[in-house]
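Can you keep this structure in mind? I'll have questions shortly.
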Amino acid sequence: MLLRLRASLTESDRELILRFCKDLGYSPRFLGSAREILELEGQGRPEDRSRLEDHTCVREILDAGGSRELTARGPGEADRVVRVGEARFGGGWVSLVAGPCAVENAARLFEIARGVAASGAAILRGGAYKPRTSPYSFRGLGREGLELLADARAETGLPIVTEVLDPRDVAEIHELADMFQIGSRSMSNAALLTEVGRTQKPVLLKRGMAATVREFLLAAEYVLSAGNPNVVLCERGIRGFDKITRNVLDVGAIAHLKMHTHLPVVADPSHAAGRRDLVLPLARAGIAAGADGLLIEVHPAPAEVRSDGAQALSLDDFDRLARDVHSLVQLDGRRLAGIRGEEQQAADPGLLVRHADPRLPKELTA
Amino acid sequence: MLLRLRASLTESDRELILRFCKDLGYSPRFLGSAREILELEGQGRPEDRSRLEDHTCVREILDAGGSRELTARGPGEADRVVRVGEARFGGGWVSLVAGPCAVENAARLFEIARGVAASGAAILRGGAYKPRTSPYSFRGLGREGLELLADARAETGLPIVTEVLDPRDVAEIHELADMFQIGSRSMSNAALLTEVGRTQKPVLLKRGMAATVREFLLAAEYVLSAGNPNVVLCERGIRGFDKITRNVLDVGAIAHLKMHTHLPVVADPSHAAGRRDLVLPLARAGIAAGADGLLIEVHPAPAEVRSDGAQALSLDDFDRLARDVHSLVQLDGRRLAGIRGEEQQAADPGLLVRHADPRLPKELTA
Amino acid sequence: MLLRLRASLTESDRELILRFCKDLGYSPRFLGSAREILELEGQGRPEDRSRLEDHTCVREILDAGGSRELTARGPGEADRVVRVGEARFGGGWVSLVAGPCAVENAARLFEIARGVAASGAAILRGGAYKPRTSPYSFRGLGREGLELLADARAETGLPIVTEVLDPRDVAEIHELADMFQIGSRSMSNAALLTEVGRTQKPVLLKRGMAATVREFLLAAEYVLSAGNPNVVLCERGIRGFDKITRNVLDVGAIAHLKMHTHLPVVADPSHAAGRRDLVLPLARAGIAAGADGLLIEVHPAPAEVRSDGAQALSLDDFDRLARDVHSLVQLDGRRLAGIRGEEQQAADPGLLVRHADPRLPKELTA
Amino acid sequence: MLLRLRASLTESDRELILRFCKDLGYSPRFLGSAREILELEGQGRPEDRSRLEDHTCVREILDAGGSRELTARGPGEADRVVRVGEARFGGGWVSLVAGPCAVENAARLFEIARGVAASGAAILRGGAYKPRTSPYSFRGLGREGLELLADARAETGLPIVTEVLDPRDVAEIHELADMFQIGSRSMSNAALLTEVGRTQKPVLLKRGMAATVREFLLAAEYVLSAGNPNVVLCERGIRGFDKITRNVLDVGAIAHLKMHTHLPVVADPSHAAGRRDLVLPLARAGIAAGADGLLIEVHPAPAEVRSDGAQALSLDDFDRLARDVHSLVQLDGRRLAGIRGEEQQAADPGLLVRHADPRLPKELTA
């Protein structure tokens, strides 16, 4: 490991940091005439990088060396494939997650669930507990919404994912849903991350709206270090200065994450765009950048939606998107989970063997 | 109220939105030949703006008219003065909140508490439950830290503020602290905001690192609408593109908030700067922009601090800051709570009468 | 047209703005009880929107109505196809622009030019006058670089594009190059935009690093309004807060631009990434979002490059990228200009007839 | 100097960079077992940092050591005081620069010039060549505007500053104005920076709207390295995500710049706010953060202004601002140039001797 120390340390500060490194089990050695670089030899643990970064005498970690966090992809390490029922993310598998922003009633939900299943979605999404900017907005049907989702699963066979907002709700959602969603507003909610980390149920973790990639990975690290390795990362757009889109879909972060973590990465073009007409091109861009899946808001009567109607696709538009995405996925030698993928597999049983890795060699890169 | 509707509404969409407005008690009327502007006449409630904004047919609220949220400053409405023991925020009162990032041990905490009290701090801050980006970082002493804070209060007479991270901890912190702190990472944690809103204990609410001012005010609205009017807003820097400072202190937001809400507004130059040498100029800038107080991290031996040592001021530096800020506050005809302010009042009993309002007339502004 | 006026206008302000609108040839009419909305009837000219926006009494243009700027895509208006030699952008044509960041010497340039031509590039790029952040950086070979580019064109048949930085250089570059490039740093350089606008030579205009889409289009408007309709817009990443990539490729802007302007739009994944290993996924994302071409930095010996070597692809990597992009382009029913596209056309002469429009219907969107 | 090299360099890459460093006159030495840190011993020149940063094998400069650029403040180096007529910036001197956004006509300009002079402005500002986002906006009176400014100078004795947009206009503006203004849009216009750098006339250089502090200083370096040391840096707000203000005034950058460059730094609260009612608090914040002056837009009839009227102060508001700022300046032991400062000096001749340095010691900071 290679550390850069702060300028102007005193000799007693240097003693402090040396002792600290030795206590972590390393052999430290100052480099250079100003002794501002510290090289550590020894075996690293996942927690060492954070502990050293926190030390007041340390300005930055130049090279984390062998101290690899749990989310990090080791040299040559394969994708972790996260399974949710028949859905799969990573390792050449792509899954579409689709459904309404919020669960409203049984009839509507069933209509959407049947529609998206028929078009190739592998998971049904729907909010029962909704995070809202305003206390006066519709905050979801709660328990009733969860039960409607479970009914829709029974009806269609699709596993369900729904957002959890409060650590006190984890047990209830664990019982009824197949995957937890942690929203952008909750990415830094350590109590919540720890609670879902204590289960083995898959977690769809969204990036905070101004979180760096490292902060995003450390949020996932909360879940993994609590014992749950089944995390799917979701890039949903970062806050930008222009108002043409609600957020800026950070396709570079998708591509970077695919290299630096073994966890699957999906894109949420609906929240990134905030407007229906850009969902398709952003979905295509996310898949082309390497995403292992998509989250898509779908609603047959957007004008009646109680939240985020402007970005919901109709069932027909979703069908078009699923077909389009399927073509892109096939072009990469990847496969869609769900019925479209089954048809593809039937036609070509050797499919996943040829999965192309979209990564170039990395010499000379930062 | 004046609404701008989305383009391309159908006639049945227009029927929907008309009915919705009537159900809220308004008389709606389309304006203009394209009928994309909707004027509502009638008495507004605080929740109407959010409900209308949520409607899929509504593109934006051009003028909220009489639908004033609870955090909004009404025409001619005076500042709400929030009191925490002898500390006061707003209405010409300025309070300094100072202390260590995290509580470490009794000796250190008492040394800091006595020091900052002597220099003019009105509230002692200290973290017992620490929000951390990494699961491997020091997360505070918990209950033990709270008890040490209570001891320091007994010793110095300073009221104490500490961060609450989890709705399950609200009762315990309510029992031991004088003011809740809601950190940046929790600004959108509705469950937590609602829990502290059910008490009457003052809440120091920090702006999320990429929250708009409206989102910030709606977070405060969660607390107010749950029944607790004692909120102090804290601008602590927004995320920027340059790494010279950890965040960008948004002095324009401080000045804007002072006009548009009756709640007090304070600045946190320590977290904005992320480096000790910029804390004083940012503190001065915050006060000059109209802030009703400051949050300052103080530690006598920064190299030993377990989190954020690089931004902590020494006790001497804090004393210098307090003197400097006191001069600025006096220049405005305002008054520091705490011992410096008492000396000032003794010398000039008519003090607060002359409190200058830093606002210019607002004609022609956006 | 629909204008929103500033609050608190006086009666004489209202007279001013009414007169102003009438002088522009409109019939203005106040809407609503507060008379803050102004509806204008009449025929609009391209310049009216800007002129009204500039008026102090006007807060914003809610709907520009018939006042369409020259860059705007009219209802049903087809793509403008910009041709540079055999290269074509727009209307189902995709062109790859490739070459070194800066021209260094004849041997190197010829090697690159032959290589990228063979892989399917349709235009050779190379900097002779380089914009640099520091006055001490290599600023290009100037005139000598232009002549080397012209030689490389003679050798390979590829047309050449090179950056112009100074209005005093426009004549010289006009004489030697086939397309002007206006870089990010010059997007707001009105003198330069006007000079290239006075020619008919195609202009590759890059978005400023924090320019809104509207500001970007108004920069193009400078060129069009000066008489030159041959502008290709280039999205090259906007400044973000995370340092994993140099910039954030704004794929939403690409998709939005494809809808709202008839001008072609290309992506520059090399500058967006700032690192070689992300160029391919970002190139794919740009094309998937609808871009009509790509700018790619290529160099056979990146370690020797005098600027931006870390993002240059080798000739082999570029060949792989060109093949990958060709597949994506074919999937959309589009066609690459250059030799790959010729092979594609030979195999399928009906090609461009089936060009799929990636746009969904836009009802209910912002 | 301490360099961090890119990972995965080959041995021949290492030879390349060693030779490069030796050619610059340094003795280089690899540090650490991975040989990714390079320490250079020897005398540095201002250009070395940029040249090394540009090298493809170099990832970043960890410590520039003795290679100090011309804009850098050396250890213990005093402020450079830039004089423009009787106006002075830096070294305890604060100057107010005030006037209309654009020059419109003689009567208006004279009214403003007389008014701001009487209130304490030390320089008259006014645009003759205006940079505009849209080609259809009013672009200033050009030469006629310059002559009106010169007449206003003759009338009031105030020196004049006006923007230069095009290198071809430098000679004309040099002849008529006392100070060049380089606007935000032109901060990266190297041709323009070089032209004004060839004169000795003071330059007011505005920060680009998303420029880092280092990019800003390198823009100033263009002027200094061309031979002109008389640069005043202007922080005018950076682009942010919230629309409550046009830009975010970066007071941290002002404080940072005061430490790291010897050049004076001023603030432009008018452009940062974009609205009149926030100009005063932002002006106060800028001065409190250490700014050596302010740029303020002033106009007696804002509704008639042809650009940026919404942010112009009336003459009365400017007078109030000047009085307020004067109090803050006095509190620091600093002095306003112009008539207010003369009154202050008359009352206290020892004034500038006591100028307090707002900087804290910098141990342990980044």
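Per-chain numbering from 1; labels A, B, C and D assigned in written order.
Here, contacts are C-beta pairs under 8 Å (C-beta built on N, C-alpha and C of every residue); 3 or more make two chains touch, one makes a residue touch a chain.
Since the model is a prediction, treat every value here as computed from it, not as a measurement.
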Quiz item: Higher C-beta contact count, B-C or C-D?
Solution: C-D
Practice problem: Specify the chain most distant from subunit C by Cα centroid. | Solution: B
Exercise. Compute the distance, rounded to whole Å, between the mean C-alpha positions of subunit C and subunit D.
Key: 31
Self-check item: Euclidean distance of C-alpha centroids - subunit B vs subunit C, Å
Solution: 42
Quiz item: When you check subunit B against every other chain, which residues touch at least two of them?
Solution: 6, 9, 13, 56-57, 210, 239-241, 243, 302-303, 309-310, 362-366
Practice problem: In the complex, go through subunit C and note every residue touching subunit A. | Solution: 210, 212-213, 237-238, 240-245, 248-256, 258-259, 272-282, 284-290, 302-303, 309-310, 313, 317, 320, 327-328, 331, 358-366
Quiz prompt | Touching residues (chain side subunit C, partner subunit D) in the complex | solution = 6, 9-10, 12-13, 16, 46-51, 53-54, 56-57, 131-139, 165-168, 185-186, 188-191, 193-194, 209-210, 215, 218, 221-222, 225-226, 239, 302-307, 309-310
Practice problem: Show which residues of subunit A lie in contact with subunit D when the two form their complex. | Solution: 2, 4, 6-9, 13, 31-34, 36-37, 39, 41, 56-57, 59, 62-63, 239-241, 243, 362-366
